[in-house]
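In what follows, chain A forms one complex with chain B and a second complex with chain C.
After this line comes the complex of A and B, so read on.
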């Protein structure tokens, strides 16, 4: 016994955490290296262009350090107004539409056919990116914030209805049972057993979505759906980097305010 | 006994005062909504909006059937898109790890100077959307994959950095203490006390971000940053709607596969 004890290694090596067999580990490393080589080969960089661009990059950094808020102030204000109004209206409309869809997508409240219809609406809305929806809606409804409003409302449905439905499915079933045993109708059940349990979270999620919608509203302008993104796109196309710097600072500022505002209110509510 | 008469015969959930407050809040929200709606739609051309169903039917009829002959041409852009997402994630992770260690309260070398800098990097990266990063980088380093990769990487820093530094702050301090108690140096504490604890979170965050990056990289081409979005832009510009359908189906498939991979891997890790 004592003889065996002396055979223990005198140094300690950390045991592998994820892949315990050596061959799989080496195969994985080999695969990663091979992929990185293949992927790097597909990048085609024109260093001449990058070199020319560096001067532009420098101008952009200068523009960022000395942002020009004044010369295009009117357009910035218009873009920001469009973004903010779009954010609010689309969140309100999106929430109003997603509440019935969310209830319909909760397995414990509705029969199977309604459940599948509502879940597929949610799936479609979640699968497509805002910007792709925006492209289509701009083609249908014309340029401007109205298309943006529709885009964000549609995207809100996928987000909010899914989270609301998941939340309803996880409610305390005993409270619903108690209300049901008093002879309540389906609407009374939703109003007295479900609504009090999910309302704080619904308000929290709506505020969170308000924050997301503002971020998105600054992007969908690139494809013509109005808002501050359109102003930014114009500024960059005209190589006016001091204006672009100013717009980016404004967007970042508003995003920060929206994020901290919404997270503070959510903490206060819960 | 006479006090009883003060109470209402009917049970109500809230006091009259709080009900009044709530109603005022809701009315204010409705008023705000109407005001925003009017501001937003001030310049809307309603003819285009009423015309939308006809436009939708027109586009819809042009979109079907999807042009299957276009698929082989899309394989290289799809490969590029996956490369943008993967290399961008790798780049983002490489830059985010040091930032996360500087930002975490328990590992930062200087809480007064370096921590605010790291937090600022995280916030700046998070507040600007990948598409806007790409817009800037295309202007600076020219159109192509590199702009897309750098845009994805810069955008990922904030996300990975934030989640990782929160994971670092939540580690079990007793393990760190145990390692330091046997006389480990700073680097050894990091390597044996902290890193093993955050490894699962690190992989889970990276793969989650990779999944998001696949989604985002499909549209970066809209502003010229390479990948399948470039083909989408080209098809949209030439009004080749049947090709647009093919691209959208391909994007949808890629997103679903990446989501499936990411959820499988994350479940295996945690």
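After this line comes the complex of A and C, so read on.
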């Protein structure tokens, strides 16, 4: 009944999916190599400057190896406190604003005009990179953590509202239909059919955003939005690489803690 | 009493699912709606509580025309109609109690429902219903921790929590095994009898329909082609509803299944 296995070929190759003829494929590879060669020739390198930079980089690395935690300890603590405050408040405020916007941006829950307005808010928030918003807000509100707080809250909205809205659009429609058929109002529908389906993910995303906001808070500090980033910037400006090294180590430590903490908490959800 | 007159539904895609259906369901009657796939059974019962918007016709529940209600009025009228779904449609991450209490949403304010502070009478009734369907020991379990048959019983309790005047049931047993199906159908018919509650039940399984329904309506391509007691459901009536080919296929399915099983056994024996 069954044929001998040896009658069948013992090799098989996946057929090419996009460029099916050999010539187009080789032409494409050749083109890429040629482009890379031409592009690297067009880069103008000032080797003198690279040499100086290498020396400075070496001092930077040395600073890392001998970090100085003590001489600017008070400033570091102040920067850290500012950063952590900024992170926490902006995440809380961002999440609180994201929830209604996220619901409004879910096609299956709201009429078209509300949907378009909320999606536009999200698009604006996502289009503007944190640093650009920070520069703008520092110009408006002056140096310091308030500008940072606003920046991170705004960025949180784009991130969280979008992911929440996408999640709501993918809920099980039958559960929503069943609640609707009992005569529930729109708010009750959201509370009984939508919230149970998206809550675990909303909490997970909020924790993830908390983590992102801490990292961002040290970056936007460099453009004047306060926090540990500002402290770091000052240290680098003064060529105090041993202080800078200490600050970077502390930031890395906190990022690790945040990373580990949020993933542990997320595991407990569901 | 439910009285449907000249109900027509054409979907946006151009499919006409119902063509002038007229039907009357008196209080206390359990009506089985049978018909081939795509005949419009689901569309018909979904038009009644307006999960699907009817294109034309009237749907009178008592003396209110459900087809012509605005949103707020529709919500109030939906409380009078309990619905039971094929895939149970329980909110998976809520407890049984919350699922049953969700049948009361149309009666309580948003704040009460948000804080899960339902009136004492509603809670008592929810306990009573969960006891009636045999799940009193699982009140605080989440719906996703139940078996299919248990879920459908929660679905029944939720619909009854509405204290409905009409039950709409869309293929309640299609996802269940034969034994559980019979248990669920028995529970459903008992409950309807206890409360003198009329029900429209979509059902795929003809023997099951014959066993449990008081009246059978056959739908084919959006039109009623049979209406009578189960005893009138002869082979020729079934041929009218399902078409000769379909009906013969359905009848032969059982034999074929057995044959196929035997065939598989034989093949397996040969290979081994």
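Heads up, the rule we're going with is that the second predicted complex is superposed on the first by the 249 of 270 C-alpha atoms of A that agree within 3 Å, B and C clash if a C-alpha of one lies under 4 Å from a C-alpha of the other, contacts with A are read in each partner's own complex, and residues count from 1 in each chain.
Going forward, a contact is a pair of C-beta atoms (placed from the backbone, for glycine too) under 8 Å apart; a residue touches a chain by one contact, two chains touch by 3 or more.
Since the structure is predicted, the reported quantities are computational estimates derived from the model, not experimental observations.
A.B. asks: Is A:144 contacted by the first partner chain B, the second partner chain C, both or neither?
C.D. replies: First partner only.
A.B. asks: Which partner, chain B or chain C, touches the larger number of chain A residues?
C.D. replies: Larger number of chain A residues touched: B.
A.B. asks: One more residue to check, A:252. First (chain B), second (chain C), both or neither?
C.D. replies: In the superposed model, A:252 contacts chain B only, not chain C.
A.B. asks: Considering only the touch criterion stated at the top, classify A:13 as touching first (chain B), second (chain C), both, or neither.
C.D. replies: The answer is neither, since A:13 touches no partner chain.
A.B. asks: Given the touch rule stated above, what does A:49 touch, chain B (first), chain C (second), both, or neither?
C.D. replies: A:49: touches chain B, not chain C.
A.B. asks: Is A:22 touching the first partner chain B, the second partner chain C, both, or neither of them?
C.D. replies: After superposition on chain A, A:22 lies in contact with neither partner.
A.B. asks: According to the stated criteria, A:89 is in contact with first (chain B), second (chain C), both, or neither; which is it?
C.D. replies: First partner only, chain B.
A.B. asks: Contacts for A:132 in the overlay, against chain B (first) and chain C (second): which applies, first, second, both or neither?
C.D. replies: It touches chain B, and chain C stays clear.
A.B. asks: If you look only at chain A, which of its residues touch chain B in the complex?
C.D. replies: Chain A reaches chain B through residues 14, 17-18, 35-36, 39-40, 42-46, 49-50, 52-54, 56-57, 60, 81-82, 84-86, 88-89, 92, 127-129, 131-132, 135-136, 139-142, 144-146, 149, 215-216, 218-219, 222-223, 229, 232-233, 236, 239, 244, 248, 251-252, 255-256, 259.
A.B. asks: For a test of understanding, state which residues of chain B touch chain A in their complex under the given definition.
C.D. replies: 29, 32-33, 36-37, 39-41, 43-45, 48-49, 52, 55-56, 59, 79-80, 83, 86-87, 90, 123-124, 126-129, 131-132, 135-136, 139-142, 144-146, 149, 192, 196, 199, 203, 215, 218-219, 222-223, 236, 248, 251-252, 255-256, 269
A.B. asks: Using the touch definition up top, name the residues of chain A that touch chain C in the complex.
C.D. replies: Touch list, chain A to chain C: 1-2, 172, 174-175, 177-185, 187-188, 191-193, 196-197, 199-200.
A.B. asks: Report the residues of chain C in contact with chain A in the complex, numbered from low to high.
C.D. replies: Residues in contact with chain A: 49, 51, 75-79, 81, 83, 85, 87, 89-94, 98, 102-107, 110, 113-114, 155, 158, 162, 270-271.
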